[in-house]
Amino acid sequence: MNKKIPNFVFTNQFGLLCLVVTFILIFSTVTDGFTSRFNIFALSRVVAIDIMIGLAMMVVILTGGLNLALGAIGVCAAMFGGWCMETMGIPVIPSIFLILGMGSFLGWVNGMITVKTGVHSFIVTLATMSIYFGLMTMLTEAEAFRRLPETFTEFGSMKLFKKYISPLLLLSLATCGALFYLFKYTDIGRKLIAAGANPDAAELSGISVNTMFIYCHVLSGFLAAMAAIMLTTRIGAAIPSMAGQLGMDWLLPAFLAPVIGGTLLSGGKLSVFGTMLGAVLVTLITNGLYLIDVGEFWIRFFLGIILLIAVLLDKTREFFTLKSVIVS
Amino acid sequence: MKFLFSMITSSAILMASGAFAGGHSPTKVALVPGGPHPYFAAWEKAGKDAVKDFGLGKADYKVPAEWDLSQQNELIESLVGKGYNAVLVFPGDAVGTNKILGELDDAGIPTAALAGCVEQPTKAKMCFGTDTGHSAYLGTKQLIKAMGGKGKIAHFTGFLVDPNTTLRIDAVEKAVAEAGGGVEIIQVIADIDAYEPADEKINAFMAAQGGEVDGIVTTAWVPAVVASQALTNMGDKRIKMVGIDHDEVVLKAIKEGFVHGTMLQNPYGQGYIGSYVMDKIRGGCSFKASAPWKTTAQTNQFIDSGTVFVDISDVDTYVDAMRGISLEILETFDGTYLDC
Amino acid sequence: MKITQSSLLKKDWFGLLIVVLLSGTFIAMLKPAFLSAFNLYVLMVSVSYMLIIALSQMIIIAIGQMNLSVGAIGGLVAISFSGVMEVYQISVPVAICIGLVIGTVCGFLNGYITVKSGISAFIITLATLYIFKGINLGITEAEPFYEIPETVKNFGNAKIGTSPIPYLIIIPVIITFLMWVFMNRTETGRHMLAYGNSVQSAELIGISSSKVVVTAHVISGFLAAIAGMLVVCRLQLGTPNIGDSWLLPSFAAPVIGGAILAGGKVDVIATALGVLIVAIISQALVIFKIDPFFVQIFLGVMILLAVFVNRYREYKQESSKKIFNND
Amino acid sequence: MTKFCLEIDSVDKAFPGVKALNKASFKLKKGSIHALLGENGAGKSTLIKIITGIHKQDGGKLLIDNVEKTLNTPNDATRFGISVVHQERNLIRRFSVGENLMLNNLPRTTLGLVDYQEIALQSKKWLEIMDLDIDPSTIVSELTVAKMQLCEIAKALSLRSQILLLDEPTSSLSPQESDNLFLLLKKIVRDEGVSIVFVSHKLEEVFNICDEVTVLRDGKNACTSESIKNLDRKKLVKLMIGRDEQIVKSKRKTDGTDKTILELKNVNTDLGHKNISFELKKAEIIGLYGLVGAGRTELAKCLIGLEKINSGEVIISGTAITIDSPRSALEKYKIGYISEDRKKEGLILIHNVIDNASITVWSQIKKILGFVTNDMISSRVNPYIEQLEVKTPSIYQLISNLSGGNQQKVSVAKWLAAGTDILIIDEPTVGIDIKTKAYLHKLIIELAEGGTSIILISSDMPEMISLADRILVMKDFKLNGIVKNDHKYDTVSANIMEYIHD
């Protein structure tokens, strides 16, 4: 967390930045459409949502846990929002708060169950994933909310900076900024990290680890709801299938971004900047693979390979940095 | 290494194709289904034939790896980035897909909804597909006829998120209502457009209520296949069933007498004619104000791609029947719909 | 009398057996159709491959890891199995061997990469999940293979004589028995459980962790392969989305069967009963015409419930021990 | 020629940053019990790991029965007849006793399946040798700690081991259990012809059962295979710590008139403590002495709210209170706890020095919206890091790269920075080198002089006697007695032992 600037060159983030730049250079030279205004705008919007999803997972990985219910929370929040706006006629702004509240609440439920049972959040969120999603489909009868206020949906197709960039990206970057501030410059953020790194030591040092873990799950739910709002504005409707069956389609970007970004799976170490770059890298590569025609069906395969390479590289890097520190 | 190679070759191709630009540039159509599904497979050949027959630049079938609106959007966006300038899409969502169609329209790219419609208001030039509601209605009528005008019906259908599913459920209800009091729907099982859950649910249904039910209408591909199979396996010819589409399992079951018949759709014609229309529109044509649009629950810019009921008597010649319909539509299309 | 009672109660499978019997009786009383021959047949069919899927996950839980790629392996094997038969006209036994080899190789890769990299199996199998699924989609372009030989199709449909017992369940029952023998009666199986109990202790005893982990993953891949092929027999086609929905049930059954995710505690019989419970109740939901989405919710609630119960039993055992020690 | 069954000859072993062993040697006579002594960090555990094939030496030789051998894996060691009984319980808790005993080489039936009858039969034999009257099918987790210990030895014997390494075997045993163990050890040396390497901190035990002694200090031999007859306690201590045992005396005067700051009245806890009552006065150091398992650390954890207190009163500055979490212990009542398990409970090893040292003060120094910067933190914490002379290249260094002593200083620093009134210090000098140890002792005294009240938990008798004002002796989760400490080692230690063995 507190690396000095010259050390930045040796960090994961720097490596990622280099990769991002390299891929941008490659794709913009080899493919036609990559730098087109349409493509860049489209990319900025996808990146925005993937960053948000990645951050939502990152804050739970911080605790050494996982949140498989991420997508389910997102969809539930979006559908709840659709209900608020379409059925109840609640104005946009209060609705957004309600959506975020819903996401946070579902995250809180995950957190409470995890903390109270002491069971690993993997199994808890595996269960709540199917409960949330099932409840949502039951209550909505899988009917989408398609008549959302235009003020809400327009946000998703707004174009800024000579029509190159979606405002959604700015929202995501702002969220990154806020999380960076939280983890670097506030006592709560530091406590969250400490609790994740070594719950026993943190507890004995006067930190309520359970509360911190619940905060992480709430934050995760909140960020998932943010992602859901962004996705809803993008597609202009709240649709039960927006994150795939059980919301599981969000899981790949959710894991890719933080893991590539250098967040430690055992908890206690995260990188907001890295997660952001991880999401950027993944979106870039996906887009590039589409453009150079590897075949739509092979994209998953390549993403899997990239995830594998990323974790293996991270392991080797860890090995070398650890060595160098001990020697110096 | 191979990866690098494919990057270089594909970029070379792209450069080369870019050279055509200028004037009415060659039309490059992308045919994008909602996700992988056997129904759409005919689009691939339809696109290729359209390139050959109408001199298009390209007409490629591009499938999102999963049934997911976001993935479909991402794929379409990247296809446009890659230079496709016309998009035929099976809407991932009746409203959700409108958003991207509007954006494509802003970028000067004509689009049309194929096989399923988007709701209005929309920037899609047309919706060209099976009148699914009508097809389901006709199919149910056929079933009721086969059942002798009375009995209990079960309805198996596909993804609830598919815009067509609701139409189908309503249409089946309508046909049943028209039959008077003799016919009753005892269960609708939806959201079973994948084989494993479909197998599980349909068989559980058969086990529990197979004795009570007299007729089955299926209005989606997978349930039709699984239900045909279930009836074949049970050796049951008492229960009448009307399926949908042309999966070989269904066709075989018709020949063997386990399934009464099936409602065929015309995916090949959709892709073939759809590609043709896109090229026309890029060439400066537009739809006549007086075009004889059909109106459905979703849109009033609908063109029927045709549907045919097939039973044991004509199951062997269905391909010709469909081709006939396609050619018929194509022949009259310019005159009926377009203003060039 | 009292002794046998309490030792029976201690067994994971005993409580589950009671649940199975009670729920079975209850449903049969309300809907006699539940016990009809055809319904029992359908029930056994769905139990058949779920059993293998659950065991495939269970053996990884035994060593304290997770295998997210069970479904992806099953799917890849399913399409390879049906694909080689359709495209290359390969005979059924050879195709089966090819399927088993692919599953085993996939499992081996999972285990080998996990051991060599020291990264958690969770993340490795997450990556291989997408790799295997990606290969599957890349090969099939999401199109099913239809040309399944009649022998395979018949196997998927046939019943033993006039009984409602499907052929499909024979292999799973044999495998369940073999797995029971393996986990309880073979040195490798015992070493796996020891490893799951405590990696450190196992290593000090001289149990090779790489051998244990790789073996477990190989078996898991092998079982996933069998499950994939059984589903092909059942569906009579090789569709690429086989395996997509396996994740939740693969964890549900072992967890309901009292498995502890930290490793070292799994029970083959209890897992099998877990599969049975899930199947019975899913079927009951259809019989009672309960909203199909409820199945989803129900599965989730079952997992949570099982987790609570396991937790509570552990707590009870711990606290009873505490008193015992202090005396 | 005397027959040596194990000979270690000038073995070297280095780890990144430390030289753990530097030409260490010893010779184990067949049929003898050989003590391997040394302070924590002297290299004992490294040497044991080399003998058992977990580590490989960088240089030097290892001879078994006068033949040089190379041990690459723990299996090799087992094959050559060497077994180790570790400090950590290494039985598989969910397995039966019999299966644990046989796990390396499970007997099989003709079908190649595990033969549980044979297991019961074979293991029974080894259990009998250890005078253990338990059914081999008993699940290990149902045994008492002492029985588990004996099972581990039985397991080593079952491997036909000729050389047994016992690593602190008595650390969690009661005196009776220990005595019983020694009798058994003598018996198996006599009857089974095994040789034993005995590692212990308790010198009385060494004099009780060992024939020869090897002492390691800083990775080197302080004495090699010396007969126990040539040594006495004083000499042995000098060999271990390199100088005479020094007792730093506290010069403070506590006349008992100071204000009582903490009082426990008949406290019973969830963990099983019964009727604990004592007072802690301002600026006083009270010691909690007892064997491992006496419930001292557990009592501390109940006090800071980690575990529940069921009945009785906890009174702080005259008011009866309930502490529900370490957080309220710190924030409301200014009670801190320095854990004995530095790596697991004390420090966050993957974080740096300053994050570790400041963990307790973030809430105190935050500004609006929880704003905290590294600068704010370092200005608060740095004085303590400097005062404690923590040796680190930078306050941003990862704590795991620091030596044990410096790590311990950081975990003290975080409580100093938090400004606690009551500090519970649990085994502060385990694994700490002599110099830092003395420094920490001085520090504890200074803290008390500065007005902090301290509860010191230590198993190190000299440490206890040099620091504490009063010593509370605990046994079996009960307070057995209180010894007024006049810092005279012989009398005080005798008093303490009386309460322990009572």
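Letters are used for the chains, namely A, B, C and D, taken in the order the chains are written, and counting of residues starts over at 1 for each.
The criterion applied here is as follows: contacts are C-beta pairs under 8 Å (C-beta built on N, C-alpha and C of every residue); 3 or more make two chains touch, one makes a residue touch a chain.
Because the structure is a prediction, the values reported are computed rather than measured.
Asker: Select, from A-D and A-C, the pair of chains that is joined by more C-beta pairs in contact.
Answerer: Between the chain pairs A-D and A-C, A-C carries more contacts.
Asker: Which chain is most remote from chain B in terms of Cα centres?
Answerer: D
Asker: With chain centres defined as C-alpha means, what is the inter-centre distance between chain A and chain D in Å?
Answerer: Each chain's C-alpha centroid was found; their separation is 44 Å.
Asker: Please work out the Cα centroid separation of chain A and chain C, and write it as a whole number of Å.
Answerer: 31
Asker: Take the average of all CA coordinates in chain B, do the same for chain C, and state the distance between these two points in whole angstrom.
Answerer: 36
Asker: Could you work out how far the Cα centre of chain B sits from that of chain D, in whole Å?
Answerer: Roughly 73 Å, centre to centre.
Asker: Of all residues in chain C, which are in touch with two or more distinct other chains?
Answerer: Only 137, 141-142, 244-245 qualify.
Asker: Going through chain B residue by residue, note those that touch at least 2 other chains and give them in order.
Answerer: 63, 65, 190-191, in rising order.
Asker: According to the definition of touch, which chains form touching pairs?
Answerer: Contact pairs between chains: A-B, A-C, A-D, B-C, C-D.
Asker: Which residues of chain C touch chain A once you look at their complex with the stated criterion?
Answerer: 66, 113, 117-120, 122-124, 126-135, 137-138, 140-142, 244-245, 247-248, 251, 255, 261-262, 291, 293-301, 303-304, 307-308, 311
Asker: Once bound in the complex, which stretches of chain D touch chain A?
Answerer: 16-17, 304, 306, 325-327, 329-331, 336-337, 339, 344-352, 354-355, 359-360, 362-363, 365-366, 369-374, 393, 396, 398, 401, 414, 418
Asker: Under the definition above, what is the set of chain A residues touching chain D in their complex?
Answerer: Per the stated touch rule, the residues are 1-4, 185-191, 193-194, 197-198, 200-208, 264, 268-269, 323, 325-328.
Asker: What part of chain A is in contact with chain C in the complex they form?
Answerer: Counting only chain A, the residues touching chain C are 66, 113, 117-120, 122-124, 126-131, 133-135, 137-138, 142, 245-246, 248, 252, 255, 259, 265, 295, 297-305, 307-308, 311-312, 315.
Asker: In the complex of these two chains, what residues of chain A are touching chain B?
Answerer: 26, 29-34, 36, 38-39, 42, 46, 49, 137, 141-144, 146-147, 153, 156-157, 231, 234-237, 239-244, 249, 286-287, 290-294, 296-297, 299-300
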